[in-house]
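The letters A, B, C, D and E name the chains in turn, as written, and every chain counts its residues from 1.
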Amino acid sequence: MNVPAAWYLILAAVLFGVGSFGLLTRRSALIMFMCLELMLNAVNLTFVTFARTLGDIGGQATVFFVMVVAAAEVTVGLGIVVAVFRRRSSTSVDELSEMKG
Amino acid sequence: MIAIAYALPSILVFATSALLVLVGAVGVIVLKNPVHSALSLIMTLFGVAMAFVAQSADFLAAVQIIVYAGAIVVLFLFVIMFLGVDRREAVRVEPLVGQRAFAGVGVFITTAGIIALMARSHWVTGPPAVSSGGVAASTGSGNVRELGTAVFTTYLFAFEATAGLLIIAVVGAVLLARRERSVTPEEGLA
Amino acid sequence: MSSWMAAADPLYAHGVSWAVLIILVIRLFIAFGVLMTAVIFMIWFERKTISDMQSRIGPERWGPFGLLQTVADGIKLIFKEDLIPAQADRFVFKLAPYLVVVPAFITFAIVPVGGTMTIAGHTVQLQVADPPMGILLMLAMSGISVYGVMLAGWSSGSKYPLISSVRASAQMISYEAALGMTIVTIVLATGSLNTHDIVTAQAHGIWHWNVIRLGIVPFVVFLIAITAELNRPPFDVVESESELVGGFATEYSSFRFAIFYLAEYINTITMSAIMVTLFFGGPAGWAPPIPHFKWVFPIIWFLLKTTIFAFSYVWFRASLPRFRYDQLMDLGWKRLIPLSLGWMLLVAGFLISRAWGFLMGALVLFAWFLLLRAFDLGATRAASDSSVLATVGERPIPGPVLRAMTDGEEQ
Amino acid sequence: MHSSLWLSALITVPLIGALLAALVRRHDRRSYTVAIVSAVLELALAIVVVVLYSAHVAGAQTFDFAGRWVVAAPFGLAYDVAVDGISLFLVALSAISLLLALWGAREQRREPSFVAWMLLLTSFTMGSFLAHDVLEFFIFFELTLIPCYFIISQWGGAQRSRAALKFFTYTFTGSASLFVGLLYLGFVHQHQAGGALTFAYGALSSTSMSHGTAVWLFVAFAVAFAVKSPIWPFHTWSPLTYAEAPTGGSVQLSAVLAKLGSYGLLRFAVGLFPLAFTTMRPILMTLAVIGILYGSALACVTPDLKRMVAYSSLAQMGFVTLGVMAGSKIAMTGAVLLMFNHGIITLGFFLIIGMIERRRLSYQIADLKGLQGPAPVLAALFTVTMMASIGLPGLSGFVSEYLILIGTFSVHAWWAVVAAVGVVLAALYLLWAYQRVFHGRSDGANSEISDASTKERWVLVPVVILIVALGVFPRPVLERITPSVQQLLTHVAPAGVSK
Amino acid sequence: MTVAIPQIHYLALAPVLILFGASLALLVASALTRAAMSTRLINGVTLLAALGALVSTFFQWSFVAHHGATTTVAHAIVLDGFSVVASGTIAVGLAMATLVAHDWSIRERLRGADYQILALASASGALIMTQANDLIVLFIGLEILSIGLYVLVVLDRHRATSAEAALKYFLLGGFASAIFIYGAALVYGATGSTNLTSIAYFLGSNVLVHPGLLYAGGAMLLVGFAFKVAAVPFHLWSPDVYEGAPTPVTGFMASIVKVGAFAGLVRVVLSALGTQLNTWRPILWVLIVLTTVVGASLGLVQRNVKRLLAYSSINHAGFILLGIWAGTSRGVGATIFYLMTYVPTVVASFAVVTLVGGVGDDMHAIEHYRGLARRQPWLGGALAVLLLSQLGAPFTSGFYAKFSVLASVVDAGSGVLALIALLAAAIAAVFYLRWILALYSDDDIEATRIEVPRATGLVIGLGVVITVLFGLWPGPLAALAQHATVLFTP
């Protein structure tokens, strides 16, 4: 007997919340980025948990795709960070002074 | 009580993975040094992988470690070290007064709302809950084969589109990494 | 859960009992002990072999043929002063060695050392653990092990180790792809991720060994890639003495340094064992029909094969010059990855039918041709002027410059 | 020639004129010639239409149907033009106003664009008056905003951009409610009658709906027209805009565009929602009376001539609204007549003020004094216009105001009584203004102004002729208006409107 | 063990395959040729691919007209009138954007096929979104679209703001993606499938006693989309990104992303969650009111035309949402009609902005437009027409676009919402008019004459012609849009 799915779902929801909180409050692009990964992990956990409860392998297959997307995003995102850094030598979003909210 | 209802090992597994996940996640957002954040992220990733194993998604757990821990976070660390941003981040800069509090409240409300909504739903309302209401069959250990079958049948298009996604990501990354060489006319085409 | 575990290891077939637990623990300790002993011998073996190759004598004072030299070195290291640089990130600095050594141990767990034996009614695999995702565990652990190296270099707060870290991460990512691809080839042929199954599939004779069955190419790619993963010569740019002092471990001393050293040799042994498992049938080999001792021969075969590979590593070190960093990258990205990918497609084609195999072969050859041409052009383009815009004129921003995209490093 | 082609020509001639004028080179005087030619042509066409229409007067058919051309079925959009006694004179007014405005209020600066915009504006107002389809009307109604905006914001006074913006925002806001209302009406009709979406006037006017719906739709329509008209309290854009607009713009705004509002109120708000008409009548009449008093009062105290005319227009349009909403045939006829008359009168006012402004570079009452001396002809022309506006018997203003007040008095006596005060007030502020501007000893620059030139006299002659003619002999006009008003009232009557 | 590989209907995939194939062909060709390929050739190929995709949608249309809508590749992809028309719109947008980019890359001395490779791939992502019948496919389409755009934004290294805009775009886009996929996960949990048809079937045949999970998931999906289409309050990235990106890229982005994201939104909200429409309506209501009003109001204070157009596009997004709020067949038709008319207009508008931007692409203050229409009546006049269309002036296609969405909303029973949207349009009209006024101002500013290259001129001309043509004669286009929605009749 396993623990109820709800526990894992709550864990995932909290993880998602922590990730989005970090994304909204941290100013370092790299860390915001990591928070993005946290959020995607929460999604994966949710999918796997539902796959278990629904008895459907589709949820696990989906996780696969989410991971690929995460990898693709990281590739491009880090490229952008490097590109920004080459111009500015900083990755703090607030120092992007030429932008106004 | 709980231990009677659910086997103790599964609770232990859950507790451990939850601890890893949450401590890691909080670490990511509070630690000042990006490298420490990345380490913290690895911790979360392991926690999630553990949760995967506990829910009989072993293959995904392995992929999780290989892809996330083995490649993605390494890439993060690579960039951090490559750019040397680790000891310079000014984390204390706060652009809008109270943004942190605002974001905190907003995220808290959203998360709590989602949890509350899900709780009202008894967590699952998919076909099993409606049609049979019974316990879903475990996918068992040999799920690599099932997973592969699903990927090449139900999710065939998604799989193929993923290939496109990866190509464009690679092309994009290469373009981003290329440097523009500026040459003044006097210098000639050196 | 128990059914899942039973599928993983026949030891749990009758449920988990005390006997099973005891067997587990014993198995664990034996593996640990053997591994540690092997390391000691490995270090001695390397030094001795190299000195022979260089017409030196090598260690000879301690023990017969200097066999205890390693022990003496270990003791010496442990009693040295433990230094932590002032600039270091103390926590990470202390953590890093363990991040290196733990994956090294774990990886060895999936190697089937021998066949099965029966103890007290339980079927025991001579393998510490046999998870269904076996070979993925190896990939995962090799992915993890780079953290130790990276973080060690970074946390030292010192220049050369940092460069070493950067190199290590780049190198690891570069070669992991090729590594994964060759493993996929094996998995395609075997139809299982499980190391035990992989070994079983090769048990029917030398023609079933993957090295022959899949063509020699995956083995070669794997050998190169795994050597790069190990940071062993000739791919040891991470710790090349002439450039980076001691590489990532420059600032380490005493026990922590010993751990790095230990991990390196464990990894060498483990990877030799993995190679044997994947390509050379693992413990497979001729066994004389001696009752009750039948299980010994596979182990002997296994040790023998592993030793050959361990020797080959030493041999590489003694004879091959070190790669330059850019050569290393070129080899990884431009040769090994396309090669392993192409070969994987080829194998997949032949697994379906011969016609598909030849078709795939033709396609791969064609792609290969295109790729080589592209590499060739890319190399000349980066070096020549043609990448700079031919148009001579002024572009106001940021000044009168011509612009071009180049692949080269910044001047 | 089929009569619908004449009507379509009324829309297309200025359009073509505008295109031609816009295409000539910058600083080219030819554009003005093009404009005058098209305006003359337009006026000729209008006269043709008036003459052609006269043939129908005896017959029962007052609306001149010309067949629908469905432009875009999914949108229910159709092109359908028609004219009846109510719109006939407004069409004529537009044509007259265009010619006189071009002639009398010429803008030298960037002439091609100016005349192009003016012609375009006339094309659109013609379209609005001729539209026999609610959506078509709305489109033309909406389109008039664009030329207006550009005329005000490019050739206006110092505060022109603010004025243009204010004008645009107000009227667009009004149109928004009109649009939603007409869409709703269209769907109500479609759900009732089935078939494709249509906004044909005839079809929509037979839509049955609950009283509440009718009231809401009426309000939605009325808001748009109240802004355009303007009716108090939706008028606040008008003084600033009238004052800041160039003379030509002011002329078009007050003479023609304001009529678009009251015309819409009469034709669409009243014609489409008879049920609501009864309910909303007291409210709108009250607003109209307030407008009359408020406009008159402010006209008394305002320090510049243009604003004074603007406030006086507010009062006059209050009379129009009062007549429209009174619901008696006489009052309604008077209202339609007043629309025309007020157009002519205000045209005269703005032209004369424009002439003064051109000479003195100011239209502040305080700056002007004793103009009668140096410019007697100008003063005389002003006097005629003023008298007509006051409602002096024998001049056009009298007839229409009289009809409105009589018609209203017969059904809603008190409103008529209060409104009558407005007539008195009009006399007060106009005469007072006249006294301050034209009487007394002229001094300084005021004494040196030239009298009206020959051309300027010729511009104002038609105005004076029309004022006098309609004051003395309004019958031909009235007998064309009355049948159409009667027809409208017959449609409205079953809803319990008194005759 | 045999795996039954699903049937693939290649006609359904034709536009995607053509665009992505062209992208790969360019990629390979640029790697294999020694001399740099000529800009003309690269753009010619891109243009051909776009036109090929457009032509293939004609065949798709005839297929759908004869055989009805169908799904393929294990129901992951749908071929119906809606997807066909949306795909055609994307193809048109891509073709026009390519022509603009051609002249721009010559002007900015950008060599190579970078832009075209990414643009083609991005557009194929948008195509996938229009055809996706599975949340995961939709998600991957979204990512293909976005990742291409992230890189396109930073394509011109000389622009100081590009890299930062890209970073901002990327972080917020990633945030949106994460929210979207979390929503997909919750919907999966609630309904047991990620396939839109299955979800619709499940919801149609079951009454959920506790639909909380579904609501949470649906709301997250909605927020994800709201980010992508820059609906207020999820719009913060949009002005910066519009400003920071090279102008042709902005034009491309403004057109393609809108079509893709709205097509996806229509499918999710109306096809999968159609039975729950009344639950989403209040959220959409608030979103629409905020988007139209805030978009219009903030646009008022902008002095930079690219930012102004960003707020304009936010305002437009609000209008397009109206059609979805209506949720009827008419509403869907209106949405697609809006997109069809909006795409050529906005691409052509950005084409003019590209020209005025000049070398270096940085003259975007509204002052730079002063007197443009006096100096160059054709160029200025074209821009004026395009802006009038965006304003919604009659006799331009923009009028009918607004007309149709508002009509659908009024038909669905909310005159108030239509009124609010219209009032917002009134506010928005002010900034368009101010811009037009600047065009026609007669301050004799000495400015260099802006050369209009042929391709860009063609795009501008085409945009104006389409705008005016369908402004005068919208019937066929509207009928097409209405026919396209056969599948969505509730």
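Everything below uses one rule, namely that a contact is a pair of C-beta atoms (placed from the backbone, for glycine too) under 8 Å apart; a residue touches a chain by one contact, two chains touch by 3 or more.
Just so you know, these numbers come straight off a predicted model, no measurement behind them.
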Leftover contact groups, counting everything except chain E: A, B, C | D
{"item": "Neighbouring chains shared between chain B and chain D, ordered by label", "value": "E"}
{"item": "Least hop count linking chain C to chain D through chains in contact", "value": "2"}
{"item": "Per Cα centroids, the chain farthest from chain D", "value": "C"}
{"item": "Per-chain CA centroid nearest to the all-protein CA mean", "value": "E"}
{"item": "Top chain pair, ranked by number of contacting C-beta pairs", "value": "A-B"}
{"item": "Distance between chain centroids, defined by C-alpha means - chain B, chain C (Å)", "value": "26"}
{"item": "Geometric centre distance via CA averages, chain D-chain A, whole Å", "value": "63"}
{"item": "Rounded Å distance, chain D centre to chain E centre (Cα mean)", "value": "43"}
{"item": "Contacts with 2+ other chains: residues of chain B", "value": "7, 10, 56, 59, 63, 71, 75, 82, 114, 118-119, 123-124, 126-128, 149, 154-155, 158, 162, 165, 168-169, 172, 175-176, 180"}
{"item": "Chain A residues counted as touching two or more neighbouring chains", "value": "2, 9, 16, 19-20, 33, 49-50, 53-54, 56, 58, 62, 65, 69, 72-73, 76, 79-81, 83"}
{"item": "Residue numbers of chain C (touch at least two other chains)", "value": "1, 398, 402-405"}
{"item": "Touching chain combinations (by label order)", "value": "A-B, A-E, B-C, B-E, C-E, D-E"}
{"item": "Footprint of chain E on chain C - complex, ascending", "value": "370, 373-374, 377-378, 380-381, 386, 389, 391, 393, 395-398, 402-405"}
{"item": "Residue ranges of chain E in contact with chain B within the complex", "value": "1, 3-6, 20, 23-24, 27, 73-74, 76-77, 114, 117-118, 121-122, 124-125, 128, 134, 136-137, 140-141, 143-144, 147-148, 150-151, 154-155, 157-158, 186, 188-193, 202, 206, 208, 210-216, 220"}
{"item": "Sites on chain B touched by chain C in the complex", "value": "7, 9-10, 33, 35-36, 39, 42, 56, 58-59, 61-63, 65-66, 69-71, 74-75, 77-78, 81-82, 86, 140-142, 144, 175, 178-185, 189-190"}
{"item": "Of all residues in chain E, those that touch chain D in their complex", "value": "333, 374, 388, 393-395, 399-400, 403-404, 406-407, 410-411, 415, 418-419, 422-423, 425-427, 429-430, 433-434, 436-437, 440-442, 472-475, 478-479, 481-482"}
{"item": "Complex contact set, residues of chain E against chain A", "value": "136, 139-140, 143, 147, 150-151, 154, 157, 160-161, 163-168, 170-171, 174-175, 177-179, 181-182, 184-186, 188-189, 192-194, 236, 240, 243-244"}
